[in-house]
Amino acid sequence: MVDGVGLAQPRPSSFGPLYDGPPIIEVRDLGISYGGKPALRDASFDIYRHEIFGIIGPANSGKTSFLRALNRMDDFTTGMEVRGSIHINGKDVNDWRNLYALRSRIGVVLPLPVGLPLSVYDNVAFSPRLRGIRKKAQLDEVVERCLTRAALWDEVKDRLGSLGSLLSGGQQQRLTIARALSQEPELLLLDEFSIAVDPVTTMRIEDVLKDLRSELTIVLVTNLVQQARRLADRTAFFLTGELVEIGATEDLFEGNVKDERTTGYIEGRYG
Amino acid sequence: MFTATALNRRSYRRQSVAKAVFCLMTVALVIPVLLILGTLVVKGAPAISWEFLFTAPTNNMTAGGIFPALVGTIWLVVVALLASVPIGVAAALYLSEYAPDNLLTRAINLAIVNLAGVPSIVHALFGFGAFVLFFRFNASILAASLTLAVMTLPVVIVATRESLQAVPHAFREACWNMGATRWQTIRKVVLPNSISGILTGVILEVSRTSGETAPIMFTGAAMFVPFLPQSVFDQTMALSYHLYNVSTQLTDVPEELTYGVALVLIAIVLLMNAVSIGFRIYLRGLKKW
Amino acid sequence: MDRRDAAWYIDKVAQWVVFVGGISAIVFIVGIFVFITKEGLDFVLGPLNLGEFFTSIAWRPTSNNPTYGALALIVGTASVTGFAMLLSVPLSLGAALFIAEFATGKTREVLKVLVEMLAAIPSVVWGFVGMSIMHPLIMRIFDVPLGLGVLNAGLILGLMAAPIMTTIAEDALKAVPDTYREAAEALGATRWEVIFKVVIPASRNGLLAAVLLGVGRGFGETMAVLMASGHAINIPTSPFDSVRALTATIASELGDTVRGGDHWGSLFTLGILLFVVTFVINLTADIVVRGIRKK
């Protein structure tokens, strides 16, 4: 099945009041390839403000590539080519002259936790300092607020000076989230954040994400189908570089699908 | 079923023989050098004294010490480092942090390999033609040091690039994702975590630079200068060139004295080298991630 | 929001600065070629007789009727380098195999450090060793009148080139993925078979590059050869004969020449020859190594 475009069209009318207003992200005919090898083909869809947008699919389906294209990491990745367009807030990401200003508005959490080899405090103060915040009191406030939101404050408040890269995996992942929040982003991208995190921490982070929905828009790439079910308002299913299905999460999980492959993946028949 | 067959036993025996042969080859490589070093120490040690280190040669360089040569070598090394470390670190930063995988990058890498591979006497010809004559520095510390700097540039570049690349890529991506520019990423995360590795490379370069002779023979080193250098435009004595002179150009130099010069030179070079290696091993033990 | 701020400009400036540093290596290597060619060009276009240069052994730049035959110098360099390689290629490959495949733990670390220290010994010290230690030793052992020559310089050069070859060869052996070794061992191969049927074939190109770079090093070595070879223009017929190398000729004669004169130009011409040959050797080694990376 080559032509998935019919399925890829968003259906704003059916999503209720959550999705009024223009979409925050508009993706049109997006194609991504690495050194000529396609990773994603002809994807077109919208993501709306204040939704948690889940993306599921087996490995190599183009999920991560999509996130990388969103904050133009293709510029820093040899061999990565992006065709088509992505508009964020109505502006094509390729039109940004100051690429770094674009990235500073998008928080990113990657599969493997990355605590920078700086103190915990400096990890979280990194982005505010880039924005020019120098006052100690102001930084203190940001650090405490973001660590608290990321459910890490209680564990590290007594050792803010120790290396962020030496925390445990789960702590580092929450530190990464605190760092992303310190950017005060409009958009938070999470890429399989729970891979290196224990289940208890995962649940704590999921609660945080639910809270955050009122403040920002979240794109959640996950390899755990049930995680998408728990969190996402709408979910897209990618398969080997193709956007197979997009719809309200509930619909997808109740078998209300256009393409049998979606149900097959959700029910674990492959993937 | 699990008993050794004749075939098994034979190949096992062959393995032991191979191991022994290779071990012998390694020993054959290492032993002569240790013997040589031992001879240098035994024959050179009697010459070493405070006076030897801190006085100038006398009696047509057949007696006295090596102080001007020692000071000259320090001048040469310091000026060479001042020139090559900034350029070398910049080059390594470019190659490790910016360079795309294209023809230019490959050309740069090839140029680095060649800079290291071009014979030292050719570097000397270049230094003579370029720095002494074309840029009119005449035979001076400046000309000699710049020649040394070009020659040892690959040492800094390679060591720096290695320590930059030891910093995991994930750290860079994390910074970029927060909107840090490449330079901010380098300054705040990459450099602080590779600076000690770079230092290792610099010490290694000190070791290399202080032993070189051919590149400075015509560009700034002199056989005998009765005073210490006052500026980079002076000629100077140098330990390596001094060793060449006392062992080939002059007659009547007591054996003990030439061995003393050789011992001091090799002690400096190997000490610097050992410091560099020790520092590297120490750093490997520190875990920051 | 989307305005280029100070950080953006600083980043751009930094990018340019490091780019300049990056291409400096190219600038220098081109500069070397340009400057030695500039000084040697008059000689190459004027008095140089290529036939004489490559076939005559008469290197008499200072006689009233100067001749510039470099054959003896080329043979001198080749004989010393060849002798050195005869000694050091097997030894360094053997040592590399031992360090990479057999030695473990502390032994391995110590050997690696030792080899690295050996590579650091300055060439003028090696030359001194050739004159003061090997010279009398060779005279005594072989009962010959002179200990400076092909044998002495070859031994010295072999010991000098060996650590470099060992290091590069060991890197090449270590670059063979452990999965290859494990796969072969799982099939019941002994260590010996693993090394000769898996590791060496897989690292063939790297080992070849190591030998090439060793040859390049020997070919371009100056001070040690100058001091240990006897420095006499001669086509050697025995290992005890003195010879004279291309590099040593430049080092010993450049100080006595007049700038711009034929003798001066002839020495720079030798420099061009040395540059071109080492460049070709390094280029070949690079291509050989890149060959593996492509796979």
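Letters A, B and C mark the chains as written, and numbering starts fresh at 1 in each.
Assume a contact is a pair of C-beta atoms (placed from the backbone, for glycine too) under 8 Å apart; a residue touches a chain by one contact, two chains touch by 3 or more.
Note that the structure is a prediction, hence the values are computed from the model and not measured.
Enquirer: By mean C-alpha coordinates, which chain is most distant from chain B?
Expert: Measuring from the centre of chain B, the most distant chain centre belongs to A.
Enquirer: Using the touch rule stated at the top, which two chains are linked by the largest number of C-beta contacts?
Expert: B-C
Enquirer: Can you compute the centre-to-centre distance for chain A and chain C, using the mean CA position of each chain? Integer Å is fine.
Expert: Here the centre of chain C sits 54 Å away from the centre of chain A.
Enquirer: So, what's the distance in Å between the C-alpha centres of chain B and chain A?
Expert: 49
Enquirer: Could you grab the centroid distance between chain B and chain C? Build each centroid from C-alpha atoms only and quote it in angstrom.
Expert: 16
Enquirer: Residues of chain B that contact two or more other chains, please.
Expert: If we look for residues of chain B contacting two or more partner chains, we find 181-182, 184.
Enquirer: Hunt down the residues of chain A that sit against at least two other chains at once, touch-wise.
Expert: 100-102, 105, 130
Enquirer: If I count partner chains per residue in chain C, which residues reach a count of at least 2?
Expert: If we look for residues of chain C contacting two or more partner chains, we find 7-8, 11.
Enquirer: Flag every residue of chain A that touches chain B in the complex, lowest number first.
Expert: 71, 73, 76, 78-79, 100-108, 110, 112, 114-118, 126-127, 130, 163, 165-166, 176, 179-180, 183
Enquirer: Where on chain A is chain C touching in the complex?
Expert: Contact set of chain A toward chain C: 91, 96-98, 100-102, 105, 130.
Enquirer: Touching chain A in the complex: which residues of chain B?
Expert: Those in contact with chain A are residues 100-101, 170-171, 173-182, 184, 188-189, 192-193, 287-289.
Enquirer: With touch defined as at the start, can you tell me which chain C residues reach chain A in the complex?
Expert: 1-5, 7-8, 11
Enquirer: Where on chain B does chain C make contact in their complex?
Expert: Interface residues on chain B, with respect to chain C: 11-12, 14-15, 18-19, 21-26, 28-30, 32-33, 36, 39-40, 86-95, 97-99, 104, 107-115, 117-126, 128-130, 133-134, 150, 153-154, 157, 181-184, 186, 207-208, 210-214, 217-218, 240-241, 243-244, 247-248, 255, 258-259, 262, 265-266, 269-270, 273-274, 277.
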